[in-house]
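As written, the chains take the letters A, B, C, D, E and F, and residue 1 is the first residue of each chain.
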Amino acid sequence: MFYHNKKLQYFTPPEKPDPVYAKKMQELIGGTFGEMTVMMQYLFQGWNCRGPAKYRDMLLDIGTEEIGHVEMLATMIAHLLDKAPIKYQEDGAKDPVVGAVMGGSNPRDVITAAMNPQHAIVSGGGAMPADSVGFPWNGRFIVASGNLLADFRSNLHAESQGLMQAVRLYEMTDDPGVKDHLSFMIARDTMHQNQWLAAIEDLKSEGFEETVVPRVAYEYGKNEFAYQFWNHSEGEESAQGRWAKGPSMDGKGEFQYVANPQPLGPEPQPPQPDPKLHATPQTPQQQDNGADAPPAVRVERIG
Amino acid sequence: MFYHNKKLQYFTPPEKPDPVYAKKMQELIGGTFGEMTVMMQYLFQGWNCRGPAKYRDMLLDIGTEEIGHVEMLATMIAHLLDKAPIKYQEDGAKDPVVGAVMGGSNPRDVITAAMNPQHAIVSGGGAMPADSVGFPWNGRFIVASGNLLADFRSNLHAESQGLMQAVRLYEMTDDPGVKDHLSFMIARDTMHQNQWLAAIEDLKSEGFEETVVPRVAYEYGKNEFAYQFWNHSEGEESAQGRWAKGPSMDGKGEFQYVANPQPLGPEPQPPQPDPKLHATPQTPQQQDNGADAPPAVRVERIG
Amino acid sequence: MFYHNKKLQYFTPPEKPDPVYAKKMQELIGGTFGEMTVMMQYLFQGWNCRGPAKYRDMLLDIGTEEIGHVEMLATMIAHLLDKAPIKYQEDGAKDPVVGAVMGGSNPRDVITAAMNPQHAIVSGGGAMPADSVGFPWNGRFIVASGNLLADFRSNLHAESQGLMQAVRLYEMTDDPGVKDHLSFMIARDTMHQNQWLAAIEDLKSEGFEETVVPRVAYEYGKNEFAYQFWNHSEGEESAQGRWAKGPSMDGKGEFQYVANPQPLGPEPQPPQPDPKLHATPQTPQQQDNGADAPPAVRVERIG
Amino acid sequence: MFYHNKKLQYFTPPEKPDPVYAKKMQELIGGTFGEMTVMMQYLFQGWNCRGPAKYRDMLLDIGTEEIGHVEMLATMIAHLLDKAPIKYQEDGAKDPVVGAVMGGSNPRDVITAAMNPQHAIVSGGGAMPADSVGFPWNGRFIVASGNLLADFRSNLHAESQGLMQAVRLYEMTDDPGVKDHLSFMIARDTMHQNQWLAAIEDLKSEGFEETVVPRVAYEYGKNEFAYQFWNHSEGEESAQGRWAKGPSMDGKGEFQYVANPQPLGPEPQPPQPDPKLHATPQTPQQQDNGADAPPAVRVERIG
Amino acid sequence: MFYHNKKLQYFTPPEKPDPVYAKKMQELIGGTFGEMTVMMQYLFQGWNCRGPAKYRDMLLDIGTEEIGHVEMLATMIAHLLDKAPIKYQEDGAKDPVVGAVMGGSNPRDVITAAMNPQHAIVSGGGAMPADSVGFPWNGRFIVASGNLLADFRSNLHAESQGLMQAVRLYEMTDDPGVKDHLSFMIARDTMHQNQWLAAIEDLKSEGFEETVVPRVAYEYGKNEFAYQFWNHSEGEESAQGRWAKGPSMDGKGEFQYVANPQPLGPEPQPPQPDPKLHATPQTPQQQDNGADAPPAVRVERIG
Amino acid sequence: MFYHNKKLQYFTPPEKPDPVYAKKMQELIGGTFGEMTVMMQYLFQGWNCRGPAKYRDMLLDIGTEEIGHVEMLATMIAHLLDKAPIKYQEDGAKDPVVGAVMGGSNPRDVITAAMNPQHAIVSGGGAMPADSVGFPWNGRFIVASGNLLADFRSNLHAESQGLMQAVRLYEMTDDPGVKDHLSFMIARDTMHQNQWLAAIEDLKSEGFEETVVPRVAYEYGKNEFAYQFWNHSEGEESAQGRWAKGPSMDGKGEFQYVANPQPLGPEPQPPQPDPKLHATPQTPQQQDNGADAPPAVRVERIG
């Protein structure tokens, strides 16, 4: 069960509105690696967690923090959209196609043309659960597999991409308010990268996981192929990396470089199609005799 | 530019068809962490790579290998769908709602009811670029950010989730052919987890990256918040983890546990709405006087 | 900013697992009218709210409550998925296509075939942000327009559809735990329908809105068409409804029934295509002379 | 079965083209609350309607009218896209990145940069079934539940959001043709809001429904929670609304304000994971002993 | 503008309900090649048509016919869903996981488990705008490019895939009502394949188009590569087809078989990344000096 | 199994960067008819092919070629995005809303506002698997039905739309590098249209298919309706086309023009709803007596 405090975790208003930047900042709310993703990913991982209490509690701590990050960004976007110019200027509007050919265009009209139209038409000046091109956030953006090592690696990856994007957006503005606001979020994401690296170490030190997840892979896999790098691309620059030689990262093998990988399987021989499906068979004679044959015959062919 | 060899990288046909398992196995082709994801993710990362040749070459090696993994699985699914029972048995079909109330249902009819209907209606017995519930693979499943550390972490996460799913599917069948086939793929994914861990080490040893990505985060962030764990959830079990105390993973700070986190920001004061947007304002008097006001006035209010 | 309490708002565990029902219950989490929708809809409406404090506060109250409803349902689904049969029984599995033709199918195998495969392969026995056919929740499911009357009507509609679905799911099980759990949620949704009706009344009593939203519609619209019902479908049964006669609901007009509606506009004459676009024009002579004409000419044609 | 009349229900051509406005106007065709939504929603509600003939007839009347509204808007968009500037001007195009640094940009080039590129590349100057950011209309935008009260509330909500958006677009242009055209549509939407309010009254007067839908909710729900407002958010401004005190809207209870809501449920105890799923359990010892255990054992554990 | 006639174009009710078949039949309503696709595709092509009146009229004729096809199928699905068993039988329901181990499963319960749950929970026994796995129809399924030859080829393809799917569904049932109903639709699709072939001939005979569309391709393309088949796959079976030798289909060239295709381009040299984007560069020294450099410098580097 | 050659099939770098054109060119990578579509469509058709070896080999040849086309375009987009202006110019940035009212806007700022923001924020200057409005490529864009005639028609349609789009983009730029690059792709698409026409002829000459696909349609369809054109739209211009008179294209019938088509079916009578679904019935008395009735009764009503 959840509670809300009216104050924001952190906030600095922008010095002035910037509707085009508001469009771009939506990436941090509803993009693949936006705050809705980490919020939902951590909450679902917490709710689905069967492991020790410290992991579940930690996941719900950070998931709950992230709800507040969506809130902070939604507030920022409302400020950036303030007084967005939703209509061409009087004079410019007279001829939007050719405009005043002898003069330049009005910068205000550039914004009218380039802002996310849904920020005016749909949300009335508010944030939306969508990314910087208006594509909606969706549930396939998150993962909660039940296995904490796999999931903490997902979390580390999400925080790495997310911090990268926050930094890029930081570079894309000169507004001191926006920059101050983002610098708080950048610090929290710095913590979160540290946090997931620590959590991965914690899992291992508690004896839950080793390098490769899940551990049972060694039992099921053909281990003779588990340390080979296959060179599918012309040229052998890839032989120079750590992945091509030396002990494997799990300490259980030695990396090998396979310079000329060869197929180990046969040419595919997919079975001939059921006549009822009218797919093209080997020969025309096999085709379109699909009018209801007695199913007994077909069952016989299976055995 | 690419070339194709008709033989498969590896293949063992199933001992017998199993259309319901074919539905489930689609997860490994078109699911969030299926082979289409890693294939496209590595190819786009390779094509977008501006770093040293060994990374670009390696990305295109593994991306090209993964095209062949989609091929292997597509072939397997064609075999599993062989002779799929697309229609109820003669007798059972007489009354599909109540069936033979005194007897049990026909197992063949269970398959008819539960298989992915598109495997018959749409693909005519072939694999599809979709997951185990028929949701199509899409481009938001991949990431290629240009930053190799962020991307290699994404790759490690994708291979971790993907291997987990392959292992789960391995457990969900007794067919020796399918199990043999999957055991090859499990070994390759074991390699790939090792590979991305090695690649991360390689990047660092070459001087490209440190622990937190991107490095400039320290320059932009409010570092006083970069090592605090905020306890947003009742209870302090989360204080027991590695993330709550001791030196931070990047070696630049000390983890702190904030047991009672307090908001640092104010209550939000989003600006009053533009009358033209007909959003609800503070008081009724502000509303619906939106009939075209001269834009000059509005510009004045901005300055 | 948000806080989490470890206890659930309400909970009764199911008497026994039921993985197929778990698949169906996902509709209440991630369906169009599931709890993720109302949670996100109310939170975004609250964050975007510029109206009096009581509305903003109320929206954030209920939005925060709904986060806990997702939590309750996620917990329920984890219980329903307990010991889900992810593999055919030993004997049944021997021949999944034809099975034991002389005997019936194993009910456990029906579940293996019909449950949502991602509940095993992807989430490892946990809830997912998706609906009952596995389609992911997405941001286009919610609306936050800034206008509170329009939005409260959206909320009333969402709670009406949502309560209908909860009631249908209540009817679809005999498990006393699930029924008890749902009966709490049914009561809360009963409140929420009452709440939005009350909020609509409140808005009007405060002077914010009238019947038709936004009020300015009367100023902009051709009001001669604002009270006519057009009978586009053969037969005049539709003349018998309240919408076809009597004073209009906004008290500003009288409903009229137009039995034989006629077009008021001309036949469309869309302009001839730009030759550069190679769309088919009126005559073949106009076609494919699109090789780069001087743009000056085109501009001239615009003026 | 349907018939088409070549004339449009209403139409006024734009005074001049405006490709950026064409992009924005797509919201009214293919947006969440565009004409495709109401067209499909009313048609499906009509086709699925089992209630009295007057409702079915009325739904098909309005659904059929709405097909013509899509037609009107598609025609308008074709006019707005006439002579869209698909290429930078000769001089401006010489250096699209820096342009003439000493001069301003060409307004025509702003349009070239900001219009929906698919209006040129994909549709050749025609309307598309997508919204103002190019996101395609989809079937999850509509609802047809079979229950007419729930559905008429959905219709009222769709017409409220839709009219709001039409009014916003009306404000976003000065073109007299577009304004005249929209003013017809605004009048029809005014009718449609009235119509659904009337239809709701009609349903109740015929004895089909009461305030809360479905009526059986009272029978199934824990009614002691059916009139409580829970204050999940700090501060009690929400106590001042109609929803917090006085008789409930359904006349069956009294609103109560719960200022400090407390959880009624326990801490979640989701069951330990199946070892075959390799989710993280309570202790490391429980992990990865998942190699095929005899299913009989697992069945025993279920009983 | 459109009108509706209450009678159906054609209809035969099913002999008995079949909820699982209803799920499958949804493919014909909302699948990629379902009736919603052809309806919307023809209507948008008609609305966007600038060519001679006979084409526009014909497109709107068939588009209007297809609205009625959606109506016919929606009615059929309502019948097939009649009395769908939405709950396990009393006895079977007692233990849905293991069931009566000694007996077989109830066929009615198979249907309860395998039907589309949204047919009960969401639509209340009615059709939905979705396909056979519940994925919603969307606007990217259609094409209306403005060029009639390109579009008539799209129409031929859609009718070919659609008729194939109707025939497959015809084979998947024994219900005489459904078969009779489908046999009408199969005949109409037979007409429609003929119709688009005729329309393609008509376009050419009127002088609008030739073999390759758009005609201007010859003017813009490097014609030396316009008749070569490149053998990218090991083995030369592909040399045996009509596409590998003889005059080209457009009569303007001779097919050539390139047995060992070689790259004509260089190795890619994508430009080094902007430091502000923090992508990985050639050498570590280039990295993370991204703190705001004066833009003048960057502009200089462009020139 | 696949191999990669580092060189590109063809490539000419652009004369200068153009980030807005890069946004538009994404249509050729990830749009409905982009190279990802043909690549995946041909590969899946090849993998699913059960027909003679020459077809399978040919499909894999061209599918493999198309992977290289995605590669070429990804490289082009990286060049076009070089030095993309991700931030407003120093001075312009001072007041992004009103700008220098007396002067024109900076062309560089137009690009900053109008480019795809994800090209900076998400991909760091690289191509993405998405179209020109940022919508992701998805698996529903392709078709592989198993029937080669149906699929070759799909391929012809995809190449026709794709070539049209490439030609439109060719017209939308003056950059000689981009034009040269596209002219190679235009030639390959010219080949591919020829190729699929040849493949269709080849299939027929081998005896696999005739005009209408699948052939069995004549056996199942009501052939009396298989050659009629129904005039659903007012006016009879559509009588003037080849589709309205003369022998049908399959040589098996004579086209007929039905000027006044009449319904052949009855008014729909969808069955009354199950009370458990709470859909609105014919009369209020039938409603909401849905509390658990014994299922035996319902089963009886089915028989």
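We take it that contacts are C-beta pairs under 8 Å (C-beta built on N, C-alpha and C of every residue); 3 or more make two chains touch, one makes a residue touch a chain.
In UniProt terms, the chains line up like this: A, B, C, D, E, F = Manganese catalase.
What you see is a predicted model; the values in this text were computed from it and never measured.
Participant: Among all the other chains, which ones are in touch with both chain B and chain E?
Facilitator: Common contact partners of chain B and chain E, which must touch each of the two, are A, C, D, F.
Participant: Between chain D and chain E, two touching copies, which fits better, same or different residues at the interface, with half of the numbers shared as the threshold?
Facilitator: Comparing the two copies, chain D and chain E contact each other through largely the same residue numbers, since over half are shared.
Participant: Would you indicate which option in B-D, B-C or D-E repeats the interface seen between B-E, with over half of the contact pairs matching by residue number?
Facilitator: Selected from B-D, B-C or D-E as the counterpart of B-E: B-C.
Participant: So, what's the distance in Å between the C-alpha centres of chain D and chain A?
Facilitator: Chain centroid spacing, chain A to chain D, equals 25 Å.
Participant: Starting from the mean Cα coordinates of chain C and chain D, work out the distance between those two points in Å.
Facilitator: 7
Participant: Return the residues of chain D touching two or more other chains; collapse runs of consecutive numbers into ranges.
Facilitator: 1-9, 16-17, 32, 47-48, 55, 57, 60-61, 64-65, 68, 71, 75, 78, 83-84, 86-87, 90, 97-98, 101, 103-106, 108-110, 113-114, 120, 122, 124-126, 133-136, 138, 140, 143, 145-147, 149, 164, 167-168, 171-172, 213-214, 216, 232-233, 235, 261, 263, 268, 270-271, 273, 276-279, 290, 299, 302
Participant: Considering the complex alone, what residue numbers of chain C touch chain A?
Facilitator: Going by the criterion above, the answer is residues 1-9, 30, 36, 40, 43-44, 47-48, 57, 60-61, 63-65, 67-68, 70-71, 74-75, 78, 97-98, 101, 122-130, 136-140, 142-147, 299, 302-303.
Participant: If we count contacts the way the header does, which residues on chain F are in touch with chain D in the complex?
Facilitator: 16-21, 23-24, 27, 31-32, 83-85, 103-111, 113-114, 131-135, 164-165, 168-169, 171-174, 232-235, 261, 263, 268, 270-273, 277-284, 287-288, 290-291
Participant: With touch defined as at the start, can you tell me which chain E residues reach chain A in the complex?
Facilitator: 164, 167-168, 171-172, 276-278, 290, 292
Participant: Could you list, by residue number, the parts of chain E that touch chain C in their complex?
Facilitator: 1-6, 47-52, 55, 86-88, 90, 92-93, 95-101, 103-106, 109-110, 112-114, 116-118, 120-122, 124, 133-136, 145-149, 203, 206-209, 213-216, 219
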